[in-house]
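Pasting a structure below so you can have a look.
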């Protein structure tokens, strides 16, 4: 009996090995233009195209998985998917828990968005999404931080006057300056984080190397810059 | 894309339909354990009821799904890969062999989604099972003691008394509590998105949220208000239907019971 | 840094007293216990205030629903149905939208969008509806003999209500009302979670638990701490309501008192 179990285990293991090239990519799906759900209900955006291309170059079969932002790292370390590709800035505290590939966008500035030029960014009320690097930055800066559960509500707060301004990735905010509701960028840009990279489990060195190589090759032949320009997510390399 | 929104209503209904009996099962086991004359078992039953009832369901949902998933994979890992020598916990990482992964890494996407749904059902059932256990425990104790004594006098064993006398009679006493629990369960479903299920609240936020013309053919402003209004109507409707259904059930169960409700029914039919 | 120091720095952080910056790295168990405990202040505040105010509205609603006058009965019925029939989550969402637009028209209603008042109002309505239904059920099951006895003593109107109907109603409703109180305390965790923004990182227990889970990426420590606090709180609530229950029942013979207990938790 024991032998039987062992063989099936070996079989299952063998099957796992043969197909181990299937990699699950976790993303949030609510952060246009990085990643979002399009009209057809599919994940779309800069990272969708980038991820598919990287997988092709690294010879991996990739599947997309949506996961809530709050639990995106716990689910990675718990093995529910193999990589995070969700506009995640490389920060020290995240780096303690997971590994990052090299960045696939240069450090992207964050920016303040407000309804008028004359807001007090140093001492006013600034909105941010709970648990982002921007929230941490505002808490340190001395301004009054007001946190909302999702990015949508931070913008609603600025429109309604609850908050004087919102601090978020500039590329995320940029489309809202053009929608005719009077929102505009104010103050200086704030450099935060070390660019955006893919999050990989610390024990998964192989996968990290594969993606590192793929990102490098896209950097070298200029196709990464093309993608960045196409989706207007950040400056180019 | 909107069909996903409609689908999510179906998901919620499906979850309710599966969770209710499973939670009742957990509740029954919990109540039986709490009644047990074997102290560790009774302690286990009472502990389950007290602890799970004492914690807000959100707090439970925040970590329980991952814990459950890891527990399953850990068990499978121990059984399927006994020759594996690397530690499962490496720093922050939780690593099991490929064969122990749930679902298998090679499984298609729908299996993953079904598995996620299954975890949500289990989590909901454990939480609401504790409430159900509490209600059933009360229901069992509310059955008039004379009934049990009579059974004993007829020479029934404890087991026979339990299954033939206590269980059939306890439902009528437990039903008000259980129907209340059903209502609470319906209203707990907006928290499903915490368990990683794309439920109606998730889609109401996603579809209702500001849509930039750049990324969609149907741009619009902040419409969440209207989507949530639809949810409100859905929930009020569910509540109303449940109220009517449970009222009927209560009438049927009260039939021939030694309660004031049963008495009322008797009078109605004889008058 | 010793734990006492941490408690001094962060014990009242949820009210904005003490250290302004939350811990950023090397999180200790002590810090997690202190901050999550500090957040409990809000949960307790919401729970107690909503219960204390909701109690009176609940009594009024129960009387309204039991009334023979259509103009009293219908509004009470609808109020109870609306708040019992919809998830608190959605009530918070609508309330916040409503308060926001009210505030824009009437600037003096400024406080409505902050959690301490706005969320309290929603919880107040919510618990009033639930308790109202419980009280209504109890009102209907007051033994006919009690009312007849009151009539025989010549009691009418207010004095009959205050001395006979109301105490009996409370006595019958108390076990279910205890349950409602427990649920209400649990419901307070939704305040900052879904609806109201957190100002200057002054949040409730769930907010801080979420903060730590987010920084340490390990949900298995902060959330169980939160659970621990709530189990404690639940025990205190059960104990407190038990004391009142004893007082409500002190005139009854002992055998009957224990019987009351059996009915505990049959209905929310």
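A, B and C are the chain letters, set down in written order, and residue numbers restart from 1 in every chain.
Assume a residue touches a chain if its C-beta (ideal position, glycine included) is under 8 Å from a C-beta of that chain, and two chains touch if they have at least 3 such contacts.
Quick caveat: nothing in here was measured; it's all calculated off a predicted structure.
Visitor: Taking the mean of each chain's Cα atoms, which chain ends up nearest the overall Cα mean?
Guide: Per-chain C-alpha centroids ranked by distance to the global centroid put B first.
Visitor: If you tally contacting C-beta pairs, which pair wins, A-C or B-C?
Guide: B-C
Visitor: Report back the single chain whose CA centre is most distant from the CA centre of subunit C.
Guide: Most remote chain from subunit C, centroid-wise, comes out as A.
Visitor: Once you find the CA centre of subunit A and the CA centre of subunit B, what distance in Å lies between them?
Guide: From the centre of subunit A to the centre of subunit B is 34 Å.
Visitor: At what distance in angstrom does the C-alpha mean of subunit C lie from that of subunit A?
Guide: Distance between chain centres: 38 Å.
Visitor: Would you kindly tell me how far, in whole Å, the mean C-alpha position of subunit C lies from that of subunit B?
Guide: 23
Visitor: Which parts of subunit B, given as residue numbers and ranges, touch two or more other chains?
Guide: Residue numbers touching two or more other chains: 66, 92, 224.
Visitor: Could you check subunit C for residues that touch two or more other chains and list them?
Guide: As it turns out, subunit C has residues touching two or more other chains at 193, 210, 213, 217-219.
Visitor: Please list all residues of subunit A that touch 2 or more other chains.
Guide: 71, 74, 77, 97-98
Visitor: Can you list the residues on subunit A that touch subunit C in the complex?
Guide: Contacts found on subunit A: 70-71, 73-74, 77, 93-94, 97-98, 127, 130-131, 136, 139-140, 144-149, 153, 157, 160-162.
Visitor: In the complex of these two chains, what residues of subunit A are touching subunit B?
Guide: The contact residues of subunit A facing subunit B are 5-6, 9, 12-13, 15-17, 19-20, 22, 24, 30, 32-33, 36-41, 44-45, 63, 65-68, 71, 74-75, 77-80, 97-98, 150, 152, 155-156, 175-176, 179, 201-204.
Visitor: Taking the touch rule as given, give the residues of subunit B at its contact with subunit A in the complex, in rising order.
Guide: 1, 3-4, 66, 69-70, 73, 79-82, 90-99, 101, 104-106, 109, 112, 193-194, 196, 198, 205-206, 209-210, 212-218, 222, 224
Visitor: Mind pulling up the subunit C residues that touch subunit B in the complex?
Guide: 81-82, 84-90, 93-94, 97, 182-183, 185-187, 189-190, 193, 206, 209-210, 213, 217-220, 223-224, 226-227, 230-231, 233-235, 262-268
Visitor: Going by the contact rule at the top, pick out the subunit C residues touching subunit A in the complex.
Guide: Listed in rising order, the residues of subunit C that touch subunit A are 21-22, 24-25, 100, 104, 113, 193-194, 197-201, 210-211, 213-219.
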